[in-house]
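What follows is a pair of complexes built around chain A, which joins chain B in one and chain C in the other.
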Partner chain A sequence: MRKYLTVFTVSWQNGFVYRLNFLLWRLRSVIVIITVYYFWDAVFRNGGVIFGYTRDKILTYVFLTLILRSLILGQRSMDAAGEISDGRLSNYLLKPLNYHFYWFTRDLADKLLNMAFSVIEIILLYFILQPPVFLQTNIFILIYFLLTVILAVILNYLLGNASSYFSFWTPGNAWGFWFLYLVFQDFLGGVAFPLDIFPKAAYGLIMLLPFPYLLYYPANIYLGKISGADIFQGFIIMLFWIGIIIWLLRQEWRWGLKNYQAEGR
Partner chain B sequence: MALIEVKYLSKYYQVHQKEPGLTGSIRSLFHRKYYDVKAVDGVSFTIDEGELVGFIGPNGAGKTTTLKTLSGLLYPTGGEVSVLGYIPWKRQPEFQKQFALVMGQKNQLWWDLPAIESFILNKEIYEVPKEKYETTLNELAELLDVKDLLKVQVRKLSLGERMKMELIAALIHSPKVLFLDEPTIGLDVVAQKKMRDFIKVYNQKYRSTIILTSHYMDDVKELCKRVIIIDHGKVLFDGLLEDIVRKYADHKNITVILDRELDRRQIEHLETLGGVREFIYPKLILQVPRENSNRVASKLLQSYPVADLNIEESEIEDIIREVFTGKDMA
Partner chain C sequence: MKRYLIIWLRMTLNSFQTILASRFGIIIFIFGKLLRFGLYLTFIYFLYTGTKGVVGYDRNKMLLFLLNFSFLGAVGQMLFREAYRFRTKLVSGEFDFDLVKPVHPLLKNLAGGFDLLDLLTMPVFIYVLYKVLSLINFNTSQFIFYGLLFMNGLMIMFAIHVSVLAFGIITTEVDHLVMVYRDLETMGRFPVDIYREPLRQFLTFAVPVGIMFTFPVKAILGLLSWQGMLAAFILGGLSCYFSLRFWNFAVMKYSSASS
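So, the complex of A and B:
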């Protein structure tokens, strides 16, 4: 649809207005990668195995998730919470425009811009840090990995917006829900550490939640650590959650609009 | 054919009452008392194609709430609305492509980009063909005299210039129905006049149907043949502006500039001459029935220290104020 293409380009133009911001943001992500990298490097200085991870394995995991993170978890649509709270949503409701697609498009525009820069940074970092990165060569795994990344992008968008839409009921407080979501991302999504350091039983339960499929699952597909029936099970769980959250979003939207007071203007 | 039909429309806002202070805040976490604000309470009217109707009333009367409901932003508590044959709050794209809501204090433009980018985005959103878009944009920019400003970052425009851009953004899809909520608010006298002229031209040239709210009676006087007066969510008057003026113009205002302060007896005696509208020394305004005006004027000249005296028709503002304060409309 052409209108979303224009949303995409306008979004980019808007982004370029804040060139300096953007460059600093990229710089930050590079610094984070280097810091985290050296942190784990130092932990494993004397070799050994911690939580079943060797130095090489953890460094690969860290490097990979840091890259995937900006692609999958980077999100602007938290602004939707603000728009609902202060009534700016009205602007969109007046027009023949789908609000969910609108923000998804803006997210995509953002991700692609960040991606373009990431690629350059990754190549540079690769030569500077010389990490023991494991290069996946199995074409089927790579294709499936790509699919899980796309699904993870969608899942993250849906979960984020499900959090934002709570603004319909608690205008101004939706940040609380966002914060909660970010905490889930960090600790149950595999951002802060790989999830298989949890005890077996807890791990099994966590893998039934949507959060591991944001980052941990795609990363481990790439690394070839998930195989056989677990691949299939993960795929089903992912689709299941996407379905559930689409349903939830629709309910939120429908009832939320009945509650919406178009305030402030 | 009635383009807009509103029947017994009501919109109640549910508001929870918070007692003041911290203890009040904590208490209201557990125990909330709700009450209804009857913002719109049984409003009915119909508007035909091409009409330009003034929708007026004091602050909090329910004007904006009505317009938001007609635009599909709010679900009504009760009643029926049909605009262009559509139910607004279903928000069908075919309906949305045919109307626009412009609010004086609100902005839809991308703040960091030139206005033209927002126009292009709206062109795509409303699926306006390229040639149509270009002629419309040209005409509007010409009429509003902002051709040179299209490529300037919106944040660098003045309030008046920005308001014009907002208007263009809202009109780029040539809406048949236009809701203007205080479009002249905050503008200087010259800009207000320009905005008014534009609205007039737009209404006549494109035969668009317009509902306009404003607190500036000049807007209403100059633009609207018909007015709907609303207060406390209820319609007080719906008819021709000239009818309401005629009905209330049975009074004239006598404005007197006094030479010196009045004594007690003179002040008391004023009441018998007419209604005191305003009395801040040295200015005194009396409202008197039309047929008495000459007699009262000569009385004033005889027995009061008058420096200057003027007899005028009632101002529309006064008339509207009388309607608001509930003088019976029969």
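So, the complex of A and C:
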């Protein structure tokens, strides 16, 4: 356990070495949120209810995604793809540590760093944008929300690593799989827009995929738009996907290592 | 000029060969780019089933803004892709070799990596743009102004990329800065009218995403005043002039410290 704590500390410190890089990275997140925020602000400029959202709820949704993006989607483990591609993985295979836990620990450090900065951004954006905030007071909903966030962190880590491990077979296309994953994250995860604007049949199909459970689902639990049996169903689907992807990751790792040739070393 | 064209064609051919070496990668990227494009179109389509208009624009007009953004953005990335690889050259000292060659270093470092992937997605963008344009009423002069402002947008894009490279020489920071620009660029996916003041003015004249992406579409819709057009062309010319001045200043400061 101590070695992972050291990995965590080193990773945290690493974030402060390239300070300009990190600040520009955070600036990018803010730009994305401002774009989405103003788009929905324009859509609801005349008030009313669209797709079941009032202006207050949609703007809370957008603002909530700012916080959840840092916590759930912030990760460093995409670098694992590069390590496999250029043979740096060999260094880790010789060390007495679990490669999956190593990246999970680095991800956690990155999330904490991003969260710390996003608190500052949230305060600043709150005063600049002055969004109408919907405060959830139901303690049960808040507990469900917290549970889904924890599961979403795990799900995102697993999905990201599953993308990275394809590099065992196509080392030159490491970024390609990540690019695809990011497209799914943005559009089917609820970053670009809430998914319930789609017709019911399409929405039902999308909700069977793992991506909506990264941001859309936790955010809507908080807003109280998902309740009762739908919460239970969501948990089952999340756990199902976590199980499937853990199995897939194991197979990828097992077969990938057999295929690994340490190219570039 | 002819010599530069021959060199550019040679570099483009080399870039094609590099990309074609990874055919599976081409499939993944093109699938991803077209999927993203298709999902945005779907989003706009369904959005207008719940609302009649966004800041006064109907579905077709909003689609036109999105398509113009996608098309111009893809042309810019196709031409200036090499800028994204500049930092590695700076920190490894490889940039020294470009400086001693009898060709302007910007040719290689800005336009030397023509992107085949964007070229392959282009027919889809052009076809959908053509289809949406056929649903909108405009006259010949409006179309000519659209073309001119489109080229003006491309010029500003050139100026921004040159400035990012120049900034990179001074600070060795390129990767995130160019991505910050890309994120700011995405604010032009929809008309800048959706943003409230003073952000709207900032995005129109300071960045200037509005002039690059919103103005050409406003021109074809007949919504842009002659003063707006004049301001756009002046800003386009000035941005090119100052970016090249900044580049010359940055090259003078280059210390080749890492080589």
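Basically, the second predicted complex is superposed on the first by the 258 of 265 C-alpha atoms of A that agree within 3 Å, B and C clash if a C-alpha of one lies under 4 Å from a C-alpha of the other, contacts with A are read in each partner's own complex, and residues count from 1 in each chain.
Going forward, a residue touches a chain if its C-beta (ideal position, glycine included) is under 8 Å from a C-beta of that chain, and two chains touch if they have at least 3 such contacts.
Quantities reported herein were computed from a predicted structural model and do not represent experimental measurements.
Q: Taking chain A as the common reference for superposition, should the pair chain B and chain C be classed as clashing or as fitting?
A: After superposition on chain A, which the two structures share, chain B sits beside chain C with no clash.
Q: Between chain B (first) and chain C (second), which does A:K258 come into contact with in this model arrangement: first, second, both, or neither?
A: first
Q: Just chain B (first), just chain C (second), both, or neither: which does A:I50 touch?
A: Second partner only.
Q: If we overlay the two complexes on their shared chain A, which of chain B and chain C does A:Q130 touch? Say first, second, both or neither.
A: In the superposition, A:Q130 touches no partner, neither chain B nor chain C.
Q: Of the two partners chain B and chain C, which one touches more residues belonging to chain A?
A: Touching more of chain A: C.
Q: Give, as a whole number of angstrom, the minimum Cα separation of chain B and chain C in the superposed three-chain arrangement.
A: Superposed model gives a least chain B-chain C C-alpha distance of 6 Å.
Q: Per the contact definition, I'd like the list of chain B residues that touch chain A in the complex.
A: By the definition above, chain B touches chain A via 13, 64, 68, 71-75, 91, 93, 96-97, 100-101, 103, 105-106, 108, 110, 112-113, 117-118, 120-122, 124-127.
Q: Would you tell me which residues of chain C are touching chain A in their complex?
A: Contact set of chain C toward chain A: 21-22, 24-25, 28-29, 31-32, 35-36, 39-40, 42-43, 46-47, 50-51, 54-55, 171, 173, 175-177, 179-180, 183-184, 186-187, 189-190, 193-196, 199.
Q: Given the complex with chain C, which residues does chain A contribute to the contact?
A: 20-21, 24-25, 27-28, 31-32, 34-35, 38-39, 41-43, 45, 50-51, 170, 172-173, 176-177, 179-180, 183, 186-187, 192-193, 197-199
Q: Using the touch rule from the top, collect the residues of chain A that touch chain B in their complex.
A: Chain A reaches chain B through residues 2-3, 5-7, 10, 13-14, 17-18, 90-91, 93-97, 257-258, 260-262, 265.
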